[in-house]
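Please go over the structures that come below.
Two complexes follow with chain A in common, the first pairing it with chain B and the second with chain C.
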Partner chain A sequence: MAQLTNNFSDWLNQRVDTESSFAFSEAVRSPSLSKLAGGIFPTRKDEEWRYTPLGPVLDSSPGKDSASELDIDFISNLKQAVPTGHTIIFINGDYSEKYSDDPLSLDDTGLSITHLTQLKGPALKMAEDIIVHSNLTDDNIFQHISLGLSQAGLFIHVEKNAASKTPIHIIHISTAHSATSFTNPVNVVRLENNSHLKIVEQYASPGDSAVITVPANYIQLEDGAGLEYYRIGIENAETQHVCNTSVKVGASASFTSHQYLLGSNLTRSNLEVSFSGPGAEAVLRGVYLGDDNQHLDVRTYLDHAHPHCSSDQHFRGILNGHSRGVFNGLVLVREHAQKTDAQQSNKNLLLSRDARVDAKPQLEIFADDVKCAHGATVGELDSDALFYLQSRGIDKKDARLMLTRAFAAEVTQEIGIESLQTYVKGKIATSLDEIVSPRV
Partner chain B sequence: MIKENNKMTRDNDKNIAMSDDQQTIQNITDQDYKYGFVTDIEMEAFPKGLDENIVRMISAKKKEPEFMTEWRLKAYRHWRKQKEPKWPKLKYSEVDYEDLYYYAAPKKEAPKSLDEVDPELLATFEKLGVPLEERELLAGVAVDAVIDSVSVATTFKGKLGELGIIFCPISEAIQEHPELVKKYLGTVVPYTDNFYATLNSAVFSDGSFVYIPPGVRCPMELSSYFRINASKTGQFERTLIVADKGSYVSYLEGCTAPMRDENQLHAAVVELIALDDAEIKYSTVQNWYAGNKEGVGGIFNFVTKRGLCAGNNSKISWTQVETGSAITWKYPSCVLKGDKSVGEFYSVALTNNYQQADTGTKMIHLGKNTRSLIISKGISAGKSNNTYRGLVKVNKKAENARNYSQCDSLLIGDQCGAHTYPYLEIENPSAQVEHEATTSKVSEDQIFYLNQRGISTEDAVGMIVSGYAREVFQQLPMEFAVEAQALMSVSLEGSVG
Partner chain C sequence: MLSIKNLQVSVDEKPILKGLNLEVKAGEIHAIMGPNGSGKSTLAHVLSGREGYRVDAGSAHYKGLDLLEMAPEIRAREGMFLAFQYPIEIPGVNNTSFLKKALNEVRKHRGEEELDAIDFLSLIKKQMNLVEMKEDLLKRPVNQGFSGGEKKRNEILQMAVLNPTLAILDETDSGLDIDALRIVAGGVNKLRTPENAFVIITHYQRLLDYIVPDFVHVLSDGQIIKSGTKELAYELEERGYDWLLEDSEKV
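So, the complex of A and B:
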């Protein structure tokens, strides 16, 4: 099961000595470092990785380029997604004071944003407690990369009853010239009782930079809190992206997550949500849109550990070229989690002869008084619908485009920030324009 | 009787046996017992454990041709390199493969009459309506001449022989039809397939062989039930069914009555091959000993079943009702190789007390315009765990493949588990694949409604479960379906209220 030596692992372990100013304390880092020293990365024989080969990540041996000058248009284009938001920009893992909004301009009582490296004393303890109590498993090697080696990231904290008006817009930009660039940012988010917040996280890599990104997010929602969390990946085709998100949702709290995987060569997004009190709710949405040789893998793990919680997952895949989509979702309903309502839906559209989808929607149920259902479909565009549009004088290419856009829109229309909805729909439309052509 | 009703079923068999006059019975009892090796086994037992010698001895004992001995040895050598799979969602104590008898265990003292048999078992027979004369057989009572079973086998043979159908123990087929066995054995489940199938290939004791010649529609449901009971070949059973072009056969395996069996480990292999335009319907009712209420004892059932739709327009349909065994590990599969071939899987898996089932199917679409249907109904009660695990794979060249899967779970009580692990691997855009699963429970409202109509809680649960699993029962031959429903109620006894 183990791949013992590889370039990437060697490189990571060297980093322990060559770098300094890591984000976390020794107590959090050392167990992770010893895991990394073992260098055991999952292979296709591991059930959770059976459809996703890690070769592109493991064979690389990144270097680090210093932050370079960026095209201001490129940045303002990214900011377009949430013009009303408070923007924080990281370039190659380093905070960019130049491009980010002035921290002092953020005027939201109860909301505080601190760089992880500046955390001290009780605040550091608070952040690390959230990490220690997260539900990511110990054999998740990528979270050990985050904990052991991360040098940057944010601690976002909302005090109780505070409802933040401004969405936090975090943009990670990776550029590289000589060697593959590597970043592993960590965000820790704590929402105290009845507080509310929106976060938009965006990943971009301009040009043809080779990039490896291993981010992690640790989110804790306390009783009655509400978080809307958006994640947009629009990286270039040389990017490998493996991320972990762990969310704990307290009693009557509500967590909404949207993921749009529109770029990269390989993306593996692992989202683990667990309920830590009754009456909580989780809504997970996502679209993965692949072309050429892209490999997009969405994994969700929903742990219903308490009664009266509901979860609703809806993921859609559009695959063109030689791309490959993977959906691997698990709903676990533990004993005593009665009155659970868990819905999971995964629909996939194959646009080309060589595209491929692997879906694994799973249910593990240990309580009887529950409503659980899942569904998965794979197919091509409905020929009747195409014919109908053509009979109305719409040419085949436009009809295909229309239906494919509509397929994605069923998810994107639920995006709760208007500008972001327009932005994501636009990105999807642009990609589809390029890839949808009449099949001969 | 047979002329009146082509469907040869267990109930009919009983009637035949009873209605036959004394003369016939006399004739039959005077006959030599066809499956002579049974008496041989009783006299000698092979030592425990497994090595090449044991494999050679089994092969020699069965007077097998050289190619079989070699095949078994290849399997044995491969098995030594394999590891027992750990991926199923099953927990059980390790099986010590060196502590088993691979040919026949020395016979334990059989009960001399029904008076010595566990009264609980007899009560179950009563509820299932098992005919009196069969009870002794099923309870393993030492009966000198099992009249009805032999008579049925003989009646079968004559009629089938006229049509050119071969239906005999596989050991007999190896000797009498080696060319057919050599051509088809291991072509669907190769000896390298998996740990249990490989073990089976090395040591299989017996099983059934069926060959239906081109264009023949087998006039009766073939059943392995009687013969298997009589000869106790259950442990490492091997079944091979070949339906030649344009033929049809329906085959029944197992029976509804609980069977006592001293062998804890069962590793059977079933291979089906359907050539052009042929259809095979394979129905199983499995109700082996599931262990007691505390989960002690019970059969470990590791079965490899696979059908190959080799020809165009061929069809293979699996129907299973699994209620017994402490552990069930079983994935009857269809490889849809021929164009326009069809695979179906209907399953009811019921677990109670501490039973564990990890079962499902694989539908592998290779040919064009292939279709598959999966209907799986899991029922968990008590402290049991019931898992559906299924694969739908559409290969790159399988144009216009169509699959629909429905996998429902019913939970009875809050101590049990129901799990669904579907795998969809789709490499062709023209495929249309749908999977749906739901989970529900037997609600208090439903029971209350039936109670209020004067139906006892126990009957109400039986009724609800029967309704829930109706789509699968409909696939069973009628008499079997009636018994299977009775079996559901009996298996669920004590799980409610």
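So, the complex of A and C:
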């Protein structure tokens, strides 16, 4: 379905001529630019976008605006999430040498981090190969924005058998005085055989800066590799965020992903994982926490194309005010993917009458010897549990808070970086403190 | 300490308690027995402040306070404790932090200083021996994955930690094997002082082999139809409830 003219599309196409130093080669860019010239954005008539209106993105026309002066406390607070990590900060899409850790301080052998715009020759070819062979489909217009117009991002490459001890902590800060700011960073990650890495990506926008962020991540895990990948969104209520992530998981490789959608006005996170060899596993976790008029949409697509692979998804939503959550998860088990173990669970807690969630867990199974289960629940706090806590002297507000935190903690307790777990739990607790109150 | 007068309570328009009277004084243990459906659990729930019960008439005063006007958490902070017949599982809430929070709410209310983590742990370790509870149950979410006996011991542990003035045990003995029963009863006996009181609601006489009540009341169709001493419990064990029900109908 086509939505032919919109401000955003017009603005993007102007950018092709007015900007320079794009990240990728003409060969990668030009098909994407043709797609963008077509200007076909999805509407709610498209099944994949049925629950999520793109109006807040498509109506906007970002401007050219110098970055607001950033509060140093704001940045150091973000760094608290992973104080032991190697921090790389982008402000409005530009690498910030001032606030990032010195690249020379990172001496993990076998790990290299390169800015996409500095990639040349074989390294550029390597990164673009990963992009070209990704899971994202050609009709995914947002990935074309990333490929055609991106001017920033990283290529993270770990050589075989290398295990990086230091988590890579990438912080994207978007800020603007008056006009809407726009960023579309691309990360390409390649883990060679039996290598291991942790990446934490954080998105933030201070104050009331209006922001549009369209990131894309292309991840390739080769045989026996292991990646823990965390995405934390704590943007302000003027932020629209549409993200695509493609992950190819090789034989006996392991991909663990955590997503915490704790901010923004609109977030749509699309995560597409496919197994490219047997014996691989994917663990997908996430919490979306909405209030007021927030719209938080998680889409996952898991392609079991090989036998003996396992996937385990667990997403939880907490929605207050008029907020809306979407979980749309599809697990595809192909005919020859025998001995697949695919689990998918989505649980939602509605804290107000006007909050809403659309849960759509889907299983498509074409193999006959598999273990698959999925389920979704939408509910309120358990009144028996509330009474039990009250009967021990805990007042109703605190009891509600404890139960709501506990609901999220079932997911957050699995965060494999201690400081990050504390940070995310703290962010969730702070938000819940503000929104949880006794229902009258 | 507890004074219930002509208490009438209904659930979904159906009268359950039909004029119940009960006086409990400090230092006393009262057993309330009765057949299924006589209103035993309703009494426990109403006294602890659970929603879903309508008080149609009568009153309940605890330490001179109008109990029925108090929120459940205030009742608890004032020293009332209900041991649940079916303790609730609470995923994601750690048993230790739950107990610490509960105790500190009660202490705050009493004007006592809140306990820090270290003081709390030493207190709880002492009380755990009382109910012979395994330490790893403290690290688990509240009641989650506990066996029936472990849940009941956890109730008694909470009671020991919160040190209530008035404890109501709602069929704490149901579903317990003899060892668990002995441990639960032992906990109650050790907590017993001249200042506190217990109301033990039970279907069977066997718990009363371990906890000796001062008074036994028979609840039937929402009223106490007979009160006596522990001998009444033995008589009920031998003769069942029917003879009493017939007697009360004659009256």
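Throughout what follows, the second predicted complex is superposed on the first by the 438 of 440 C-alpha atoms of A that agree within 3 Å, B and C clash if a C-alpha of one lies under 4 Å from a C-alpha of the other, contacts with A are read in each partner's own complex, and residues count from 1 in each chain.
Keep in mind that, in the parts below, contacts are C-beta pairs under 8 Å (C-beta built on N, C-alpha and C of every residue); 3 or more make two chains touch, one makes a residue touch a chain.
Not measured: the values here are computed from a predicted model.
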{"item": "Touching partner for A:402 - first (chain B), second (chain C), both, neither", "value": "second"}
{"item": "Contacts of A:376 with chain B and chain C, given as first, second, both or neither", "value": "first"}
{"item": "Partner chain in contact with A:329 - chain B first, chain C second, else both or neither", "value": "neither"}
{"item": "Touching partner for A:279 - first (chain B), second (chain C), both, neither", "value": "neither"}
{"item": "Partner chain in contact with A:224 - chain B first, chain C second, else both or neither", "value": "neither"}
{"item": "Dominant toucher of chain A (residue count), chain B or chain C", "value": "B"}
{"item": "First (chain B), second (chain C), both or neither touched by A:393", "value": "second"}
{"item": "Overlap of chain C and chain B interfaces on chain A (superposed complexes)", "value": "none"}
{"item": "Chain B-touching residues of chain A, taken from the complex the two chains share", "value": "47, 335-336, 338, 348, 350-380"}
{"item": "Touching residues on chain C, where the partner in the complex is chain A", "value": "48-51, 71-73, 75-77, 82, 84, 87-88, 90-93, 98, 101-103, 105-106, 109, 141-142, 158, 162"}
{"item": "Residues on chain A engaged by chain C in the complex (per definition of touch)", "value": "382-385, 387-396, 398-399, 402-403, 405-410, 413"}
{"item": "Touching residues on chain B, where the partner in the complex is chain A", "value": "87, 394, 396, 409, 411-441"}
